[in-house]
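Look at the two complexes coming up: chain A is in both, with chain B in one and chain C in the other.
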Partner chain A sequence: MTDTNAQPVIRVEDLYVSLRRRRDGATIRAVNGVNFSVGRGRTLGIVGESGCGKSTAAMALVRLLPKSAEVRGAIHFDGRDLATESQGALRRIRGRKIAMIFQDPMVALDPLFTVGDQLAEPLREHLDLDGEALHARQVELLQAVGISSPETRLKQYPHQMSGGMLQRIVGAIAIACNPELLIADEPTTALDPTAQAGYLELLERLSETYGLALIVVTHDMGVVSRICHDVMVMYAGQTVEYGPVRAIFDQPRHPYTQALLASIPHAVEPGACLPTIEGQPPDLAALPPGCPFAARCPKVVDRCRTEAPPPVEFAGGQRALCWRADER
Partner chain B sequence: MGRYILKRLWRALITLIVISMLIFVIARVTGDPIAYLAPEDASEQELAQVRARLGLDKPIYVQYAFYVGDALRGDFGNSLRYNRPAFEMVLQRLPATIQLSLIAFIVSTILGIMMGVLAALRRDTWIDGALRLLAVLGQSAPSFWIGILAIMIFGVHLQWLPTSGRMGPEYLILPSLTLALFSMASVMRLTRSAMLETQTQEYVKFLRAKGVPESQIIFKHMLRNALVPVLAVLGIQLSHLVGGTVIIEIVFNWPGVGRLMVEALLNSDLPLIQAGVMLIAISVVLVNLLVDLSYGLVDPRIRIE
Partner chain C sequence: MTIPILEVRDLKKYYAASAPFFHRGERPVVRAVDGVSFTIPEGETFGLIGESGCGKTTTVRTLLGLEKVTSGTIRFAGEEVQDADQAGWRRYRSSVQAVFQDPYSSLSPRMRVWEIIAEPLITAGKMSKADIKTRVAELLEVVGLPNDAGERFPHEFSGGQRQRVAIARGLSPQPRLLILDEPVSALDVSIRAQILNLLQALQDKFGLSYLLISHDLDIVAHMCRNIAVMYLGRIVETGTVAQVRDNPQHPYAQALFSAVLPPHPDKIKPRIRLTGPQPSPLNPPSGCRFRTRCPVVQPICAEIEPALEQTRAGSRAACLFAPRASQEEIDR
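Entry: the complex of A and B
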């Protein structure tokens, strides 16, 4: 664990999530034994390609999952285990102690209601604010995210606002009830580079100002290097590598992390071909024995195909799930 | 909103002018009106006199001006068969038709939306299956057949309800429910699919993430969004308020505009047909106008440019 300084805000142990696939009823093992923790003011990045279980792992924390989902493991948060809480109890935590934001701020708000309405919902629901107190808090929140003339903005509808303004409003809604943890699921995927930079800056500022623990789910190593302290690399529902961002960028131990870092466009010389990872991630309904990355791994040995690798710990809190992790 | 209303009003006016021209032209291409009005053995001179008296010897645009002037005063001439003012006759039948179709509209809207929401929330259960089956039946079974079936079951066998005429509130039940069935089915299907579509919207996910109670997400946010497309279909159905009840009126012997129109057609009663068509056209245009305006109430994206 990297956050040795204090009690982490959230600590997840041996998280397993399985889902039923609608198409054929097969059981999908989306998350398979994941461990992580995030402290106050710290940012954890969860990275991996599509379908590696990163979003499912994040959403499992507040159980915003399809009805068929089954969650096992322990999620320690605020003195309780969220994995055993009822949906009703989780609803009172969502938006209050754990806030979430998703891909595209342009479609995060209901087009038929004013910004003020939608900002008021969590305040009414969780803090019982009403009347003057509610209004004052709304104005305060919009000011906190840097929106000018908040009085006018509260009465406007989402379609009257620019993308940048909507980002900030979504941010304001997320921090409305002073949460302890903010989960951002692919916050930059739908945005152009300028908007991405603005959004990341906002997230960073909110995390610093309010001492939030922040979990950023992304497939973009650039986002990780930009705002995260720690990173968890997921593949086929497993944590293949975990540790401080600097250590992992300096010395990635898992071949999958190495391949991901090699495929960042900035890291490639102009004119050279962008390296890619051949093949597809395995079907989560039929995971192979041994290491799930074996079929695509450039360093594969026979053992990888039959035996699941153990976690290998390194100095500084880095760990990797690979038979050949300690080879240089 | 002001410009939006003005634009809709302008369009409604244009539509009515075009319809009045169509009715005018159709009346003039379906044969020489003098043939109906003058005795069969009338001489050329007598025919010319009748023409002059009716203004039919004037150029066509002058005739149209006369026609519009008369129409604006509600004068479409007398019914050839009953020799009474045609427009008055149609107006007399209007309450019966509006009563029938309005009740059918209200029933189908309320039940259709409720059933659609229920089916969406209970997707892929037996409740959803049963409701969808009902909807397919409602949309595919012809209304005259449903009407006759209803008469056989509730009128003849069970003797619960009267089946013909308009003598009291109980006479409304069978015809209005039969009429409601079709639109109820389409409202239900559309509400169901619109609700299912809103379920996957990002803002619904964000509402859940905010900890908003599920009932509030469904009835405040999802339903209102789902109603935007439903409103369009309701508008189309409401615009059939006066003209869409013909078959039901005949099956249940309901004394409305539709039955009067069919009689007028069988009798080649041109003034009566013209008055009826104009009235139906006006009602369609008016209702469409109201529906367009109601969009603005539900959807702020239309209200605020």
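Entry: the complex of A and C
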């Protein structure tokens, strides 16, 4: 791997996830051989469109997957392989060493419990804190995310707080047990621009302050360019391109990454026609031989339809899965 | 001067809030939309932006007649419609259609696609069955759906195709104004571009006017000629996209546009942070409504409610401290 950190917090090798489709019992190959690693204080963006396997790949790390899911590959974390751990062992890791944040912070909190109760849950469960020590940690966490008068806030309910404050509470819960890895799945999708910017800044600050490894799953290249160091572009369960954010924005090598970056409105003149990607992603239960993007690719050649492309490596750790990746 | 397709003047929509128990006197009033004015010239796209709860959606709901206007006027093609009789209102409503955010919930799952598209025509009761059939086939083609799509149900389509169905339905009574409420935010990036291109093409083809509501400021900038920024039920700045986006004069518009995500990691700019919560429209601050969160607030802002004035930068902004245009600049 080409991560700049000698000892990454998490290192994933050859991850495969298959799921059973309820409609017809077909086997869906949701993630097909994915490799990545994230170091301390680093942020990896996993980007792609609906159904590309980005959330499945991220959730496979903590095995928050449907029962039918089969996971293969190695997930090196904290000196062990999470892919072989039992659900019981994973339960002790989830929320403690690996924290998760899901979509809208406004709905992530339970309206019937005070902020203090919700903040206490992981502390009691994982760290056995109680009484004075618990209270002190609650106050400390609220201060860490920049909430003033924490004593009062602990006794309040979510509806008594603004959106920005709820974001910070969700952040405080996520870092409650000093996790090493934080997975944020589409953290800002439902938010308006100001709320989105505020939430991304919070995640960035938490990652920097606590040396968290952060994985952000998103469909938005803007989110990637704002807070990520590295990016993994997924298509049909494969990593089609991977590397440092700057390199990929400067010189995307895979035609899919190129198309994604080109279809953002500010890339063209106002009112002009936006470049599009025609067609649909392939059925994950019946993946074509060769490159899965071949049917929609503007640069397709005969070989793409029959032979799976090998990863092509570039300077700085960028790699792309394309027969024509090194053409300019 | 040609008559604009839509002219909204001093639109207000107040709701009576539920009164506290044992409350005496008048019930508290939520001022969801509080004196909004804008004009959409025929054939243009006008964008309405602002954070959640600023009154964009309420404005749209009053335009669609889903809410009764508290006061103010809505002029459509020169004709006042807010107090129109039933016939006048029906005429207006067939000329103004809407496409909503989520094509998964805005289309009836029990109706075939052709029924969904034909419903407004059947309700109007003016066309024969054969004509309706021809019209539906035309509409399917116009929005880029295959001919046999009409016989299928919405669940058989992808999100992008469903949004095409919703657009075809919107177009079926031959409207002149289409209200697009977050039309692509539920769609994937590549599909998004297809739908935006389709909307542009339809506008050129039929001379349609659009009112676009979106959180995505890039999309608004791409589609619109003029935009208005709303805050707490009022427009705080309005002008062309170039004026308002590139050189906003109102501190709220400045903060909003500073939050746009960068197109490249080298273009990350410092953001203007707003402190404090958004005040309640139940009890908006005195004077300027933005003053409780404004980074450049002055004592006088609590006293005077600023009106929209022509600024030197070309837009109109409601801020006492936005540099005003001189009389000569206005005349020019």
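Assume the second predicted complex is superposed on the first by the 324 of 328 C-alpha atoms of A that agree within 3 Å, B and C clash if a C-alpha of one lies under 4 Å from a C-alpha of the other, contacts with A are read in each partner's own complex, and residues count from 1 in each chain.
Here is the rule we go by: a residue touches a chain if its C-beta (ideal position, glycine included) is under 8 Å from a C-beta of that chain, and two chains touch if they have at least 3 such contacts.
Since this is a predicted model, take the numbers as computed values, not measurements.
Asks: With both complexes overlaid on chain A, does A:240 touch chain B (first), chain C (second), both or neither?
Replies: neither
Asks: A:34 in the overlay: touching chain B, chain C, both, or neither? Say first, second, both or neither.
Replies: Neither partner.
Asks: Could you say whether A:157 touches chain B, chain C, both of them, or neither, answering first, second, both or neither?
Replies: After superposing on A, A:157 lies in contact with chain B but is clear of chain C.
Asks: In the overlaid three-chain picture, which partner chain does A:94 touch, first (chain B) or second (chain C), both, or neither?
Replies: first
Asks: Quick check for you: in the superposed arrangement, does A:198 touch first (chain B), second (chain C), both or neither?
Replies: Only chain C is touched by A:198; chain B is not.
Asks: Once the shared chain is lined up, is A:173 touching chain B (first), chain C (second), both, or neither of them?
Replies: A:173 sits against chain B, while chain C stays out of touch.
Asks: Answer with first, second, both or neither: which of chain B and chain C does A:103 touch in the superposed model?
Replies: First partner only.
Asks: Count the residues of chain A touched by chain B and by chain C, then name the partner with the higher count.
Replies: The partner with more contacted residues on chain A is C.
Asks: Which residues of chain A touch chain C in their complex?
Replies: Against chain C, the touching part of chain A is residues 49-50, 162-165, 191-198, 200-201, 219-223, 225-226, 245-246, 249, 259-260, 263-268, 270-271, 273-277, 280.
Asks: Quick check: in the complex, which residue numbers of chain C touch chain A?
Replies: Listed in rising order, the residues are 50-52, 158-159, 188-194, 196-197, 200, 215, 217-219, 221-223, 241, 255-256, 258-268, 271, 273-274, 276-278.
Asks: Would you pull the chain A residues touching chain B in the complex into a rising list?
Replies: So the residues of chain A touching chain B come out as 62, 64, 91-96, 99-104, 107-114, 121-122, 125-126, 157, 159-160, 170, 173.
Asks: Please output the residues of chain B touching chain A within their complex, sorted ascending.
Replies: Contacts found on chain B: 201-203, 205-214, 216, 221, 224-225, 228, 298-301, 304.
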